[in-house]
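First, the structure itself, so that you have it in front of you.
Chain nomenclature is as follows: A, B, C and D, assigned in order of appearance, with residue numbering initiated at 1 for each chain independently.
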Amino acid sequence: MSRDFEDHCWQDVIDPDTIQIYQAYQRKIYVGDNPAVLAIDLYNKAYLGGNRPVKEVDREFSGSCGENAWNALAPTQRLLAAARRAGVPVIYTTRHLDTGGVQSTNRNLKRMGDDIYDIKAELKPGAGELVIYKERASAFFGTPLIAHLQMMKVDSLIICGESTSGCVRASTVDAYSYGFHNVVVEECTYDRSMLCHKVNLFDLHHKYADVMHVEEVLAHLDGLAALRKVA
Amino acid sequence: MSRDFEDHCWQDVIDPDTIQIYQAYQRKIYVGDNPAVLAIDLYNKAYLGGNRPVKEVDREFSGSCGENAWNALAPTQRLLAAARRAGVPVIYTTRHLDTGGVQSTNRNLKRMGDDIYDIKAELKPGAGELVIYKERASAFFGTPLIAHLQMMKVDSLIICGESTSGCVRASTVDAYSYGFHNVVVEECTYDRSMLCHKVNLFDLHHKYADVMHVEEVLAHLDGLAALRKVA
Amino acid sequence: MSRDFEDHCWQDVIDPDTIQIYQAYQRKIYVGDNPAVLAIDLYNKAYLGGNRPVKEVDREFSGSCGENAWNALAPTQRLLAAARRAGVPVIYTTRHLDTGGVQSTNRNLKRMGDDIYDIKAELKPGAGELVIYKERASAFFGTPLIAHLQMMKVDSLIICGESTSGCVRASTVDAYSYGFHNVVVEECTYDRSMLCHKVNLFDLHHKYADVMHVEEVLAHLDGLAALRKVA
Amino acid sequence: MSRDFEDHCWQDVIDPDTIQIYQAYQRKIYVGDNPAVLAIDLYNKAYLGGNRPVKEVDREFSGSCGENAWNALAPTQRLLAAARRAGVPVIYTTRHLDTGGVQSTNRNLKRMGDDIYDIKAELKPGAGELVIYKERASAFFGTPLIAHLQMMKVDSLIICGESTSGCVRASTVDAYSYGFHNVVVEECTYDRSMLCHKVNLFDLHHKYADVMHVEEVLAHLDGLAALRKVA
């Protein structure tokens, strides 16, 4: 279970000098005491065009993450199921179709179907699970998320979703600023560009979060489920 | 003055597929109507060990940006001087030495000299210029910056300083969220790792800011100075 | 147009010693340069039970402001019409019926009709006008209001609605903190308790806002409309 | 220990109709599970001119709370001591002398001595206790307080200090918005105007906090100290 601090998808793009410079960030990584899962922007738009390379689906569906989204689907289903078994709350973000001209980034958006910001059916929220509607990249900006987390006495987050270089990064940086211990689940996080995905995960892992593999997080959640059943 | 949208330092690291996928972000770039310069973390710590490669200075001075900081010194001096001539306010950020255990990132910090968070003498604030003390990466988080900008009727920022992948990125994302038009000045922004620097500038340029070359920004400020002198 | 600084509804409840102590707050009051109207919680719930004393309507409709709401209806219609003629944007707040257990205050709420948080028909938003959905008392907390105001280059607010001691006060204090110049329109603001209404207006007037009479604000907006027509 | 919900200093100013209308707010009041004391603006300026009526000290020292401040001194000392015995963290707020023109309210301030924003010696912070420097009324606005509270896993506040109608109210409303359970200690909270003090405590008690008597809070803290000693 204890893989090396740098044993992650960025190994083929980060040079040895950078790894050496970043040694000051090495530390024990862990899931926090009372976590919630923050599932970012798992909406239909990310999956449009199907399980194909991003540059193919992008021609018709700008903003789709193509095969990167689809590859993360099964591990994310496992993550959400394990969290629910362990009594760990799952919180979703998405956005409203019309937000009066305020956009989360500078991308030029074409109007697509009315259900593009619905959470994908295979990952859909359970009854009573919180859905945060946001207008900006961060799940915290302009939303009541911090109040809900405080009232739930959550002290740490397990973060998944998309995009690594957009909403996942912005939300994780804010979560760190607010004082949460953050885990980002590598296999349940995705982006359009693999280089951006890898470098952003690298940045997050060293500065603001513990990037962990889904198997490590699942093992932790299963342990928590067993513990909470006993208690 | 109108260089290509992708004519920036990231050209040697971003692959053609990614450039194609990111075409949806193409737009005219510009400096906003009533800007302020936001000079992020231009403190002594970034320059420790002198004008040498980061991996050399890092052994003694973790957190120093070495030659990357020193290379940005002259262009940043020109930027600050041009802003002042144009009547554009300059706002600095730095941090207090002791912040009760709250850190801006996960880096393990050793105690260094008492002046490490003083702004570097060559770049020091003029009389009456605002200095924001922050504890987190973003210049907005846990600071009154937004109130000062609102009261100054500033609608846009010209951002420089360090590090690209840390405080510059976090501050720029927040500035975009708050509704500011942002310019990040490429030659006046720096980091320890060149790959992180380039990919973060690429991310910022497409999603949250207009990354511009210092010559373009200087030309704009000189034009503004002439205009304001006349008016 | 220039009525005395203390010529307001609180004169019959604030004692002379307090007036004397508060002299340090005296200043010229005015509407800001580029204002927006912030119309707070003008939803059906405040009018339930009709134009009768609060203690009568309260038995059936907890939260209704009764005759205080109805008395403000005509002046508020005039205020909104004048703002629209002057090209001053009107921004509304209300709330969603179900907010996952987060409440704006400690009041015990019974479930009422599904339209209780719809804006009252006589005051309803025009096409394209912004409606902010909030969960807490302040229009700023957990909402993207600050981003919208920044993007609209609004530098000041004209505030009306309810309740004076709840959402109006909390929103006005936040607006002051964010750096806006605030006008609260006396005749277009209301509460359940007259004493709370008066003391809260007194507090707001001295510390965070210019409480103005509706006739003063209408005259200003009519002047602005004439000016903007000419320009 | 269980005094009536309305057995507080406001009984002589709030009319029976208002009490009836506010019955919907009645609930059990309590100190939260893991509280911190938030001691607001207990700085020298509030005590200037000595233990005399506000209208007398105000002539020379605008902003002094006179005898109201001095009357709260002994109970506040007891509160702080009890909190420390119980291991409950004490957090202070104050402000810097010079904040670049941003003020917490509209009051016209004259420059006084350089120590006016030092915490009063009798109430001074212990070694390592957190002091938050703010520019606005609320202890949360433009400060990193929320991050410190989150990292300390604090879920509730015990609030004291001044002024009831200014910084205490603004901080308590924000604390409620962020999701904290709040106690305001009646005898340790003060203002210049008694009417404003009473009506603001009334507002806070019903909407955002449990106003409790100092004896009740001391009893709770002593119980907590005993419990934590045993455990």
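What we mean here is this: a residue touches a chain if its C-beta (ideal position, glycine included) is under 8 Å from a C-beta of that chain, and two chains touch if they have at least 3 such contacts.
Since the model is a prediction, treat every value here as computed from it, not as a measurement.
Here the repeat of C-D among A-C, A-B or B-D is A-B, since over half of its contact pairs match by residue number. Centroids of subunit A and subunit D (each the mean of its C-alpha atoms) stand 39 Å apart. Taking each chain's centre as the mean of its C-alpha atoms, subunit A lies 27 Å from subunit B. For subunit C, the set of residues that touch two or more other chains comprises 102, 136, 141-142, 146-148, 151, 177, 179.
With chains as nodes and touching pairs as edges, the resulting graph is complete, every pair of chains being joined.
Partner subunit A is touched in their complex by these residues of subunit C: 99-102, 128, 130, 135-136, 141-148, 151.
For subunit B in complex with subunit C, the touching residues are 146-151, 153, 155, 177-180. By the touch criterion given at the top, residues 13-15, 17-18, 20-22, 24-27, 54-55, 58, 62-63, 102, 105-108, 136-138, 141-142, 165-166, 169-170, 173-174, 176-177, 179, 192-193, 195-196, 199-200, 202-203, 206-208 of subunit C touch subunit D in their complex.
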